[in-house]
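Shown below is the structure under consideration.
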């Protein structure tokens, strides 16, 4: 049964103003023991993955997820609205078009927003 | 492959409503508004009117609407549901998208 | 009968979510469903002892005592308690199935319940 | 010195979703011992003063402020945006045009947002 | 009767910026962005561009901008200030409007 | 030298505000100003003991200990502590001028300081 559940951890809040993105990534790591969670990044949460942001609190989570081949997908539309280019982002994340992001969320069994 | 999808919106972030509106037409989509999200049900809210136009079902948690005194301010196309109905909605939908 | 998982993030007397968690859990338990709650971040402080009753304001401790009595399972994120310094104030085992837990326990809740809702 | 300070308690959040409006009104009451605070109501906080809302948690604060002749001013623009009419509001508050609301805030010495 | 007014904006609520923009031209208005409010300083933000057009001074808290890595994303018309500067701004303005 | 009042509403490890309060207070104290802080709503929980240190995360208890040592005055809303059940966990007098208080004490802070800022 567990293999059938698509877990999406949905990050939507920016880093540093709250601990939500950090705690969301910590949850992605924890859930990865039993599932293959997809981390989806929308709205101001995209700021968490620009190269220049201080990632002291969560770089280990990002590296862990990358190390076990779990995806972090960033919404292209949210980037464009904020004038952020793909080049501004760290290598561990992958940019997806808004339609694909919508489909990932729509196809989830469980969506956990942070 | 049509399925029943519940957008479970309990925060003032309108993203859940936007995503529900953009959700494909194949699925049977319900938007459930709880807590401060019931303010989205105000007749003046364009996103919710848009969702209704797009044939999404919109329901709001009755105790949350009642305590806020919103009965006369919300669209009559929005059904009010009790907390017991909320429990049933949770189990009768195939997917829940929390927001 | 089905199994409901509930996750939330907020402490008491700031936002409505702890009260909603209690009301939703209570309604599900009354219908005979199983309820498993995970308290993450500030939500661990919703399950502290000695919350003084103020007239007109829903007492969150009582809300949790009631759903624990009705059979809800409540897991508290260990690290969240530690970092906040509120580890020693939690409701005790006598109140029901309330336990400290790690984040992997949320994975278990996802696996073992039919639906998970998040109260923001 | 204290008489010269104009204290504005600015309510901006809706009732029931958070305790902010209740705590803001409690602060207006507390501050009234030393100052003549003006309570200014904007954005979704206007919902706290419609007749039909459950005011169990804060009606005593509203009555207290009214009882000592302290004003609660509600922003007309915020009402209009929400389709709320003056008739929908309780008697203890007074509706003011947006310009007047702006002036009240601009003329304050201390603004405390809730 | 001109005075120096500081809009002290520490939350993601844009009301403080809107109010500052509408603030009368007689006064010398500064908008100070702290915490997540520094995201308003993004070049794509129309409210802040509008405030700059209307001759309001906009400053952002440097440690908050630095930790978020926003230096290349924000308008160069916005001055960055240290926490020490913030303290000075607080005491050199006549009025502080917290938001 | 001037007197700065600071009011805030949030507990630790959820939002940035308690850390900002410490940093702003510290900068003001270093410049020789007087600092008086009022903790309202969840903010009272920012000044609890036994907050475990986590590497990479700013420890709020330490932040408050530092500014208390530098001479800040910190008032905790009594009713906010009571309702949350955290009355007994606050930092003690030995740490500096930290006291439980009522809401009228905020009026006193407004009256006796030159400027009041609110960290949201």
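Note that the chains take the letters A, B, C, D, E and F in the order they are written out, and that residue 1 is the start of every chain.
Keep this in mind: a residue touches a chain if its C-beta (ideal position, glycine included) is under 8 Å from a C-beta of that chain, and two chains touch if they have at least 3 such contacts.
These numbers were taken from a predicted model, which means no experiment stands behind them.
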Per the touch definition, the chains contacting both chain B and chain D are C
The chains touching both chain A and chain E are F
Select the chain at the greatest separation from chain F, using centres from the mean of Cα atoms.
B
Taking mean CA positions as centres, which chain lies farthest from chain A?
D
A CA-based fit of chain B to chain E gives a rotation angle in degrees, as a multiple of 5, equal to 180
With centres defined as the mean C-alpha position, give me the chain C-chain E separation in Å.
40
State, to the nearest whole Å, the distance from the C-alpha centre of chain E to the C-alpha centre of chain F.
24
Residues of chain E touching at least two other chains
11, 13, 35-36, 96, 98-99
Chain D touches at least 2 other chains through residues 16-19, 110-113
Give me the residues of chain F that touch two or more other chains.
9, 13-14, 16, 41, 57, 116, 118, 120
Chain contact topology under the given definition, line, ring, star, complete or other?
other
Let me make sure I understand the interfaces: which chain pairs count as touching?
A-B, A-C, A-E, A-F, B-C, B-D, C-D, C-F, D-E, D-F, E-F
In the complex of these two chains, what residues of chain A are touching chain F?
16-19, 56-57
Please give the residue numbers of chain A that touch chain C in the complex, ascending.
1-2, 5, 7, 19-20, 23, 26-27, 29-31, 33-35, 110-113
Provide the residue numbers of chain C that touch chain A in the complex, in ascending order.
7, 9, 40-41, 102-104, 106-108, 110-111, 116, 118, 120
Listed in rising order, chain A residues that touch chain E in their complex are 14-18, 44, 47, 50-54, 81-84, 88
Within their complex, chain C touches chain F through residues 9, 11-14, 41-42, 45, 48-52, 54, 57, 61, 79-80, 82-89
